[in-house]
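What follows is a pair of complexes built around chain A, which joins chain B in one and chain C in the other.
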Partner chain A sequence: MSRAALLVLADGRFPAGGHAHSGGAEAAVKAGRVTGAASLEDFCRGRLHTAGRVAAALAAAAVLGVDPVELDAAADARTPSPALRTAARKLGRQLTRAARATWPSDELDALAREFPKGAHQPVVLGLTARAAGLGAVDAAYCAAYESVSGPASATVRLLSLDPFEATGVLARLAPELDRVADRAVEDARCVVDEGADALPAASAPLLEIGAEVHAGWGVRLFAS
Partner chain B sequence: MGADTARRVDGVTEAVAVAGVRATARILARDDGRGGTSLPVLEGDGPLALRRTRGSGDEARVMLVGAMSGPLGGDHFTVQAAVEAGARLRVGSAAATIALPGQAKGESRYDVRLTVADGGELHWLPEQLISARGSDLYATTRVDLGATSRLVLREEQVLGRAGEDPGRLTSRLVLRVGGRTVLDQELACGPGAPGGWDGPAVLAGHRAVGQLVVVRPEFAAEPVAARVLGEGAAVVPLAGPAALVTAVAADGLRLRRVLDEALGRLR
Partner chain C sequence: MHLDHSHDGPAAVSADARRADGSRRALRIGLGGPVGSGKTATVAALCRALREELSLAVVTNDIYTREDAEFLLREAVLPPERITAVETGACPHTAIRDDISANLEAVEDLEDEVGPLDLILVESGGDNLTATFSKGLVDAQIFVIDVAGGDDIPRKGGPGVTTADLLVVNKTDLAPYVGSDLGRMAADAKAQRAELPVVFQSLRSEPGVSDVAAWVRTRLAAWTA
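Here is the complex of A and B:
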């Protein structure tokens, strides 16, 4: 494998459409729950240990060869908000396009056929990592990092937050990212043996509710 | 490891205390063939007592009565209810369940296992679960429904009694319809829970959180429309014949108000 492939995949400039989504930050800013670097950090920490942890385990399990259809159904069950399910599938479809062009693979072709409207993004991310010759822990890191980097960069735009402060938030979360990624790989190994029910199901009520509030707005800066 | 060894050495009395209380309650609801529902099994022991109350129409009603406080640390309670084809059961509880710290170290568990056969209907509407300071509870609710079963289920968690810090509470809710998992969610909060649980992504200082699940076969063809109920609650269609209301509120009373309103709209 080439470790550098991880840099390509995790790069914010990788053309997979992530920049159009705030990971719930736009709704949280509008509601006055995120007002600066400290509350952004708390937001990101909560998202990392809930949606991020689940996404990381899904991605790692996909790398380990668990059936993507089964993983996609498990992602649906862990995403009660239809706005978030739609966003995850849109992001999944965009990532599928970018990944097939970058690391052509039969598995990605099959996934695109199975899910013409897109599979949940973390599942696609896992299969992309697999196509790029990366391992489960790499995919877990990617998913966990995306769960916090998206809201952090969105908040820079939403609050005109100093980008240095936003980057500081991400750096302070690094030790927790390590733990979430490691644990996601352990969870994924359990999924190989026990099936998708062994996936974590950590949930964040305000991310779910906020996504529905956000979807009802007429004008918004981010898609989710 | 060290603590376990010490406990064993300390002898019988402490071993009993450390083990906590194990209690199981079972309900079986059956179509009695005369337009009603019978309860061939209705048994609870220790802290879990069951009472049949007056039903209405073809529905049997059961009240879960807490005969002791708890669950305390180390306790393990299990409630099982099975609704057979064509039967209708409504279960409530007489009072809130309060998770409390106990002499035993380690978490307590409260497991609810519900099955509803095709054509059966269950209303599972217990009072709140309150996580008292110093408690440590892992609560799970697993519901298995047939493709044509009906369900109304409410779960409410209140973090701490009035003005009190919460204990640690992890609650998981898994819903299967026709063998497919439609909902799988776990919420962890309180001291020792993963970071950010009280932050802007998860609870943001709200002290009550609840879910209402409504499953009806007709939702497969006509799912409910997603709807926001104020800043703290939303009704959403799940990926299956089910609707979910998720709500957060400042306290248990306000939470109940929101969930009642949502249930009224789903009727």
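Here is the complex of A and C:
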């Protein structure tokens, strides 16, 4: 494997559509729950240990060869909000395109055939990591990091937050990211043995509710 | 960027001229330019001029609303199913140049759902003078500026003014009121663009969008030849 491939995949400029999504930050800012660096950190920590943890386990399980159709159904079951399911599939479709162009593989072609409108993004992320020759822990890191880097960069735009402060938030979360990624790989190994029910189902009700409210707005900066 | 991919899998990945079923996809033309220069008005006028002779659709890239898409819907220039709005996370230039995946999905979905199409117009939200379309998204691009935005814009240049396949200087009817020198704009544009074409237009009076429509027809003829 090439460790440098991880940098390509994890780069915020990887063209897979993430720039148009705030990971729930726009709804949280509007509701007054994120007002600066401290509350952004709280928000990101909550997202990391819920949506981030589930996404990391899904991605790691996909790298370990668990059936993506089974994983996609498990992701649906762990995403109550229809708006979030739609966003996850849109991002999954966009990542599928970018991944097929970047790391062509039969598995990614098969995924595109199976899910022409997109599978859940973390599942696609796992198969992308596989195609790039990366391991389960790499995919878990990507998913966990995306779960906090998206809201952090969106908040810079939404609040005109000092970008150094936003980056400091991410740096302070790094030790927790390590733990979430490691745990996700353990979870994924359980999924290989026991099936998709072994995936974590940590949920963040406010993220789900906020996504539904956000989807109804007439004016917004971000798609989700 | 395609490495050695053979394209035997489902759905084209980017700018491929053929769709997954082997048919030729629609010509895609991008329209960009600063805020308020008349991009949406030009798209609306093009739809009216071309909709009887061509099967066409529009993708808008709004900055933070669906205003442009809704303007086109209100004006009823096309049936609603032929107009798609892409959300850009406040950065149209990212969605039309750096990360074009959402726009590619929009154009492919339009071809699937209302095709076959001859032409898709991809409109950018108003942006800065450096915002240009990726060649992976569009086959040709039009940059729209207007006389009221300052008659020094052609002189200043920038990727939009200098490299667009067609430069449109809009709202020529306003020139006397805002003190813009059309002759100077034309000379500056010529200096920046050499042989690339420039159209001066006013949509308020005849011949309106007809020069731009003629340019689009020429591009389409070359695409289908």
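Everything below uses one rule, namely that the second predicted complex is superposed on the first by the 224 of 224 C-alpha atoms of A that agree within 3 Å, B and C clash if a C-alpha of one lies under 4 Å from a C-alpha of the other, contacts with A are read in each partner's own complex, and residues count from 1 in each chain.
Simple rule for what comes next: a residue touches a chain if its C-beta (ideal position, glycine included) is under 8 Å from a C-beta of that chain, and two chains touch if they have at least 3 such contacts.
Please read these numbers as outputs of a predicted model, since none were measured by experiment.
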Partner, of chain C and chain B, that touches more residues belonging to chain A: B
Partner chain in contact with A:A57 - chain B first, chain C second, else both or neither: neither
Partner chain in contact with A:P205 - chain B first, chain C second, else both or neither: first
Contacts of A:H21 with chain B and chain C, given as first, second, both or neither: second
First, second, both or neither for A:A152, with chain B first and chain C second: neither
First (chain B), second (chain C), both or neither touched by A:T102: second
First (chain B), second (chain C), both or neither touched by A:V66: neither
Which of chain B and chain C A:A112 touches, first, second, both or neither: second
Chain B/chain C common contact set on chain A: none
Footprint of chain A on chain C - complex, ascending: 1-5, 8-11, 13-14, 63-66, 87-91, 94-95, 98-102, 104-105
Residues on chain A engaged by chain B in the complex (per definition of touch): 24, 28, 31, 33-34, 39, 42-50, 53, 73-74, 76-78, 80-83, 85, 176, 196-197, 199-209, 212-213, 215-216
Residue ranges of chain B touching chain A (in the complex, touch as defined): 172, 174, 180-188, 194-197, 199-204, 209, 226-228, 231-234, 236-239, 244, 246-248
Residues of chain A defined as touching chain C within the complex: 13, 15-22, 90, 93-95, 97-98, 100-102, 104, 108-109, 112-113, 116, 154, 157, 218-223
